[in-house]
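Labels run A, B, C and D following the written order; every chain starts at residue 1.
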Amino acid sequence: MNLKDYVQDLSRLWPEIILSVTALLALVCDLLMKGKETRVTGWVTAIGVLFTLGWVCRDFGDADGTRMFGMMVNDRFAMFFKLLITSGLLVVTLLSLFFRGLQKDGVGEYYSILVIAAVGACFMVSTDNLLLLFLALETLSISSYALAGFLKRDLRSAEASMKYLVFGALSSGAMVYGFSLLYGFAGSLELPQIAATVRTLLHGSGHGLDAAGIGCAVAVVLSLAGFGYKVAAFPFHFWSPDVYEGAPTPVTTFLAVVSKVASFGMILRFFGGIPHGAEGSAPLATVIAAIAVCSMTFGNLAAMLQENTKRLLAYSSIAHSGYLLAGVAALVAPGAAGAVAGGDAHGHGVAAALSAGLSGGQAVTFYAAAYLLMNLGAFAVVIYLSNRFGAETVSGLAGLGWKAPIACGTLVLFLLSLTGIPPTVGFVGKWYLLQPIWSKGLHWLAVALVLNSIVSLFYYFRLARSLFLKGEAEALASPRKNAFGAEIATIAVALAVGTVWFGVSLSWLADLVLSIRI
Amino acid sequence: MDFFDDGTPGWYALAILLLPLAGFCFNAFTYRTEFTRKRGHIVPLLTIGTALFCALSIFKHSVIDYDADHAGGHGTHAAAAHGAPADGSADEHASGGADGEHGAARAAGSLADPRWRWSSKDHGGSYRLIDTGALRLDAGIAIDHLTATMLVVVTLVAFLVHLYSTSYMHGDKRYSRFFAFLQLFSFSMLGLILTDNLLLLFCFWELVGLCSYFLIGFWFENEDPPKASMKAFMTNRFGDAGFLVGILLVYRMFGTTDLSEIYSKMQAVAEGSAAVPSLFGWETGTLLTVAGLCLFMGPMAKSAQVPMHIWLPDAMAGPTPVSALIHAATMVAAGVYMVGRIYFFFTPDCLAFIAGIGTVTALLAATIGLVHNNIKKVLAYSTCSQLGYMMLSLGVGGYSAGLFHLYTHAFFKACLFLGAGSVIHSVHTEDMREMGGLKEKMPVTYRTMLIATLALAGVPFFSGAFSKEMIVEHALVWGFGANVAKLLPALIAIGGGGLTFFYMMRLINLTFFGQPRDHHKFDHAHESPPAMTIPLLVLAFLSLFSVGWPIPLFGGKKLPELLAPPPALASIALGHDEHHGHAGFALAFAVLVISCAVLWVGYVLYKRTYKERRPGPEVWVARFGGLYTTVTNLYYFDEFYRATVVRLGNATARVLAIVDSKVLDAAVNGVGAVGQLVGKAFALFDRLVVDGLVNLWWHLSHAISKKLRRIQTGNLQDYLAFAVGGMALVTLLFLFLA
Amino acid sequence: MDHLAGYVFIGAAMFVLGVFTMVTRRNAIYVLMGAELILNAAALNFVAFARHLGNRLDGQMFAIFIVILAAAEAAVALGIVLQIHHHFPSIDVSKPDRLGD
Amino acid sequence: MISTIDSTHLLTWITLSPLLGVLAILFTPRDKADVIKTLAAAFTGIPLVLAVWMYVKFDQSLPGYQLFDDFAWVEAFNIRYTVGVDGLSSPLVLLTSILMFFAVFSSWNTEKGVKGYFMLLLLLEVGVNGVFVSLDFFLFYVYWELMLLPMYFLIGIWGGPRREYAAIKFFLYTLAGSVLMLVAMIAMYLHSGATAAERTFSLITLAQRGQDGLFANGPMLFGMEFRHWLFLFLFIGFAIKIPVFPFHTWLPDAHVEAPTAISVVLAGILLKLGGYGLMRMNMSIFPDVMWDGSGPTAWATGIAFLGMVNCVYGAFVAMAQTDMKKLVAYSSVAHMGFVLLGLAAMNQNGIAGANLQLFNHGTSSAMLFLLVGVIYDRAHHREIARFGGLASHLPMYASLAFLGIFTSLGLPGLAGFWGEALSLIGAYQHFPKIVLASTIGLIVTAAFFLMMIRKVFFGPKKEIYAGYPDLTLREWACLTPFGVLCILLGVAPFLLSDWMKPSIDALASLFGVKS
């Protein structure tokens, strides 16, 4: 590889480069301000992220699947996830700017750590090499540990970061141990080759596994532990409610949204190579589906009695990981994508399968986008409410809907979307997910998924009930001044418009997602 | 279309039907105006008067003129009556090929209905209510002798009752509304008579029930009327449910509810050219019998036949003119009319059942009449009893006799009720023990009621005698040669005459004869104004100079002879085409003699008891204490219903337990209680089980949720342990699957 | 001949010991050492496999990066442990349990 | 398939014009309550006028769908915005438009959160009308779910004391039904063609392919045929809405707690969606599940049986109620049983009866709920036992109440009779025993309504009710149209049945009925 190619490849890395520069700029800016006027740093960061976002959009069409440095792929998939990461980052940056808890001096490096975490996320979704994947993941993780504990004076923040760190150390350790085994079996660090090896070793043809198969299964499970930790899937979710509650809310938002979406990008990269034509791995699919069902059920049931809104959203995000993992299960399950299981009346062949419908990967990709929109929105309103009314519990929200109808109205919309009710993007996401799940023959998974969305209604609408069904007179909290209410509400409204817009104007999104090959 | 051509009854029939409706609408929509509030009777009187005129015209046209022209006999009329087929100008509501079919059917068989019949559908006059493709409901008008006569009876009594009410209801705060309901009732009743479709008949059937409901409950501020009205409606609802099921069966068998189509389909069955689709694997005979019995459920309730008679006496809680019109002359007779209308449909078994029910009713109701002290209730039981006679007659094949009794009964019973109303109006009580000696004070009322009483009892030369004797004759002919049980109707019909005479004379005696027992009331008594006495006089005249006389108007025939029965298609279809012998002159004479004898016995008993008091009624009561109690308690029908439905398990014990208890609440309340009980049970089920399941799920998920939360201990190393355990479990699952 | 099985076995033992340490020891330093053990188990595996596959560079690179990351992680971890020590005068990892249901 | 597009986009206007109202109200200041109410009236008036125009434009002699509007929505999945009406849906569109218009008037007294209330009400109308006109399953589903949220808040915010419970119960039940419908929808879509290009959500195409036996050769899932699963999922979705025993318990709670206008909309329209859905989906797409070529299958018998249970059970439970509104609510359960019976009959009479019942129950139950609302406004309670003698105090009110009640108990000559009678006649062809059992429901229905009349309207005057004013002009204006409809459709049922007949014939022809 000569220098020219290097430069060529580097030119495809502009988003990451700009982000990195932004992180540096934020540090420099903080130094220049001598730790005062943190908001300047924040705005600088926001502009940098916005610039990155623009760049990603500009380059979106150029993504042609070329490999870079022998470790990364510049394809639409990566671009799409970078788009999600940067736009998520932008919102998180803005929310951080307006968050009360971060309205003090000496928090300037917060922004640079945030951006560095995002850089890790960007690399994570665009690499197809285990080593880089590991590095990117750790970049994201270590930055996140620091972010979670950022409010140094806050006891809960410290506890959160410690739990996050120790749990993360165990999980990522297990993962990297699993990686090492995979490396041993596949003899390569390239994901496609590893996927092919896994597919061969875990065919699940009913003869049981040989010794290599068992080892491979252990390796995959260990890797899954790492991924599961990253996306907070049962039983690797334990850190998340505590960390979500303890961390500053914008950081929680980042962890719950950006980090999780990026992790699903990584998971799709990892497992995307396993299905090949109509082949796949049935046992792997079942294991992932089992994790998915446990996650969604656990998340939803545990959320029912939560008082703390952030904790409630934490459990909700566990459930959503379950939904997304269900899509991953559909991805790795054998069977022609989009074909009806057993429905051979119309002569399905491989050719038909190729032209047939949505794959599990595409569905997860789309759902990740939907998840990003609606969860960002929900967190934005949570920040709004805590900023303006100091309300952080469900009962504390009582009657606030009448005091802040617009922001609370958008929250209801986000909750609707999280439940999966049209005309919102959350519904479209569920509908996208259900298609491959059903067509791969995982009917029980589809039914479990929809039943779970009924359970989720219980707690989502506990919030709505508190906000609106209680009278205005029951509102205890009085609005604070200087709470950046209008700013955050604007963000929430923008996200709400997006939630509805993508829930109604589907055509564009459908075409976009279908153009992503995964 | 020739529906409105001169010389057809179309216009008149339509006017009869719609005028009362218009009157109702007028009164209903203008009830706030001064005119309607004070003079609410004017429009109704006009409409019902016009309807009466129209009814008479139709009667003249269809019965008198027709019969004068076709004095030759029945058989040949049909073709002439239907000689002019409908021309092509029928509008889109006309029943296209239907009349052609009728014509063919009628011409074809000897089973054709030989009677005169005018159908508006043959003349393009029908109103298409609904057409689902499978069921086409064309409302048309069908008139035959039965109908035409019935029209006259109903409009005449209705007119007289309207007239009577102007005085009787004078000053009532809902004066105009009373007339509105009378009008609505007249409309419904006339519709019931005129319609040519079983389902529509059912519709009007329910509508008259509704009017009855509102009129019984007219004084709804009082305690009794609301209960009585509800009881009436509910009892009828039971009957109507059966009626409806009957209609469903008929529709399932013949695919139509049009009466003439049912007739022609039955004809085909009788001829053997068509079969009835089977149901539950029953044979045609069983099916027809069951359908007939279901249909008969309606008349049983409406005509207050045992065991569904319980509502009628209670219905006396309504204003007296209503009792006269609805609960004596017309609505309760609708059941009889309906049986007559679909007479061809009833199988011999079915008819025997009808006869049996009629017999029981005739006897039971008459015995209760013996002991009751409420003047209206005595009359009500008398009505029951007479309706039993009619059913009995129809059941034993006395088609014309039964219907003829309907007509005669309408007049004298209306007269009795209006007379009773006149008395009540005058003394302000319904209890006969507080009356007495009113003969002098109310001469017109007394005389007219006496005439009607004699007619009711069947004293020779009064109208009732003619019809009753015909009934007895038919019953005898039916019963002769068969087993003894089949003779019972005849015996009871004869014996019932004595009972009737007894209780009616008791009524007259207690009311008009002897010394006044309540002087305060007696002093205020006075003869009623002309608006009330004129109807009495008219009705008494009709009871006296009855239509039973062979008068020149009918071409020298008696009315009953015009009411020839239709062919008994059902019997023919089942191969039971046995013609009962006709009663000869000797039999008729014998019946006359026996009846007179029975009447005489009745009179003697009455005289010994009440005039000569040897022994007096008290002694009789003492002597037959048990029986007396039973009868005064109305045979415990109400209690029986309560007991059976309330406590299905120990019904018998319960009946015995309440023998001594006084007359309790209405049966419907009993049914209501059961309903409430069942309803409560269901509601409980709803709350405990159905909701319970949902709540259980809710609680369960809450419980699970609570348990699940426990693993989120907050202790980091627990988390780590759980995660490692989870990893192990997932690995095991993986290995297990692969 | 290479001794792959031996290396892998030792790696596995290190992994298990690491996990065991992390789960059972309360002292934050021990817990972090457990994490180091796990990471080093992976590193050992990588090197062993790389050698087994023919002296491949990629596996060895991985091992080196694991070491680097372990260092970075330790740095952040120690910072956090210090904070914990500041808030809860102890480095017992099971002490902070304010968060939780 | 879609012959001509309606150039005026009439149905789209009917459906979506209330959205303009939502926007208009959104930008009206909160304190201008009168303006908001007027806007709401105007923007429910527009669909009403347009729906009347639709009635005029609709060619009653044609069996298929008419007044199409159609364009691609998501081409990748063949999702189209297709709307059109036939004889089954267009009467319900008209009914919706009428009820919504009067619902606005009957909620004129609303004081709490006026802005939100009328916005949600208008949004609700979009959802309901949308469901009736949708000819694309996806669109149908979107509209179907669109109704949930407004209803939740309308009950939950403006309802009675237990409103929160009632609202979430309603929401949960309906959502439970609709997610199963979602699964069925996706399964049907995926099964409807081999390639993405062949797959469709079009209800017309799905019905066509379903009738050609497309779903008959699906896989066995957990021991039951594929099409039976789809049928079951769809049925549960609609059964909850109807509501069918044992899915009915949301109804009394929702009805009792909801404000009057919302009860009217619930009973008058939302219940109809279930019956409509059964015809449009279950019967049209899976005729072979209910009809095996010669007679009804166990599925049809089961539905008829549930219909009977609804009739009898609903009536008995209504009898035990002491709250007027709850009584009326349970009477709805009983009445909707006839719809099920009629549909299970699968012949012209039965389907016509079911459809008449849908429409007429819409008017009569709306009227009854309005009537209960009128008395509640005055007495502030609905305890049957505490009333009495109202016929003396409020004669006008009583007259209209009698009209409503007797329509509801199926008195011939009034609208309610035809639906019940035809359903029974139709069902009798296949299920004589079940029909016999349902007649118990007829009797009990009469019993509880009469009991209510006796206790509420009859009896001696009570002084506490002496001062109550009779109907106000607004109440009168709200009630009279329904009264007129009750009578008009009682004496001229052909106005409706002729309108529906071609479509009913087409539907019945799937079940061996030759028209």
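Simple rule for what comes next: a contact is a pair of C-beta atoms (placed from the backbone, for glycine too) under 8 Å apart; a residue touches a chain by one contact, two chains touch by 3 or more.
All values derive from a computational prediction rather than experimental measurement.
Asks: What is the set of chains touching both subunit C and subunit D?
Replies: Both-contact set = A, B.
Asks: Consider the two chain pairs B-C and A-C; indicate the one with the greater count of contacting C-beta pairs.
Replies: A-C
Asks: In angstrom, rounded to a whole number, how far apart do the mean CA points of subunit A and subunit C lie?
Replies: Taking the mean C-alpha position of each chain, the two centres sit 26 Å apart.
Asks: I'd like to verify one number: the distance from the centre of subunit B to the centre of subunit C, where each centre is the average of its C-alpha atoms, in whole angstrom.
Replies: The mean C-alpha positions of subunit B and subunit C differ by 97 Å.
Asks: Quick check: how many Å separate the C-alpha centres of subunit A and subunit B?
Replies: 77
Asks: Using mean C-alpha positions as chain centres, tell me how far subunit A is from subunit D in Å, no decimals.
Replies: Each chain's C-alpha centroid was found; their separation is 41 Å.
Asks: Going through subunit C residue by residue, note those that touch at least 2 other chains and give them in order.
Replies: Answer for subunit C, listing residues that touch two or more other chains: 19, 22, 93, 96-101.
Asks: Counting only residues that touch at least two other chains, what does the list for subunit B look like?
Replies: Where subunit B meets two or more other chains at a single residue, that happens at 709, 712, 714, 716, 720, 724.
Asks: For subunit A, give me the residues that contact two or more of the other chains.
Replies: 162-163, 166, 170, 174, 241-242, 302, 458 - these are the residues of subunit A that touch more than one other chain.
Asks: Enumerate the contact residues on subunit A facing subunit D in the complex.
Replies: Those in contact with subunit D are residues 338-343, 345-348, 352, 355-357, 402, 405, 412, 416, 419-423, 427, 430-431, 434-435, 438-439, 443, 446-447, 450-451, 453-454, 457-458, 461, 464-465, 468-469, 506-507, 510-511, 514.
Asks: For a test of understanding, state which residues of subunit C touch subunit B in their complex under the given definition.
Replies: 19, 22-24, 26, 93-94, 96-101
Asks: Once bound in the complex, which stretches of subunit D touch subunit A?
Replies: These residues of subunit D touch subunit A: 72-77, 79, 113, 116, 141-142, 145-146, 148-149, 152-153, 156-157, 163-164, 167-168, 171-172, 175-176, 179-180, 182-183, 186-187, 189-191, 193-197, 199, 217-219, 221.
Asks: Can you check the complex and tell me which residues of subunit D touch subunit B?
Replies: It is residues 169, 245-246, 248-249, 313, 316-321, 347-349, 352-353, 389, 391-392, 406, 411-413, 417-418, 421-422, 424-426, 428-429, 432, 435-436, 439-440, 442-444, 446-448, 450-451, 453-454, 457-461, 491-494, 497-498, 501, 504-505, 508, 513, 515 of subunit D that touch subunit B.
Asks: Inside the complex, what are the residues of subunit B that reach subunit D?
Replies: Residues 128-135, 199, 202-207, 210, 213, 217, 220-223, 225-227, 229-230, 233-234, 237-238, 241, 244-245, 247-249, 251-252, 279-280, 668, 671-672, 675-676, 678-680, 682-683, 686, 690-691, 693-694 of subunit B touch subunit D in their complex.
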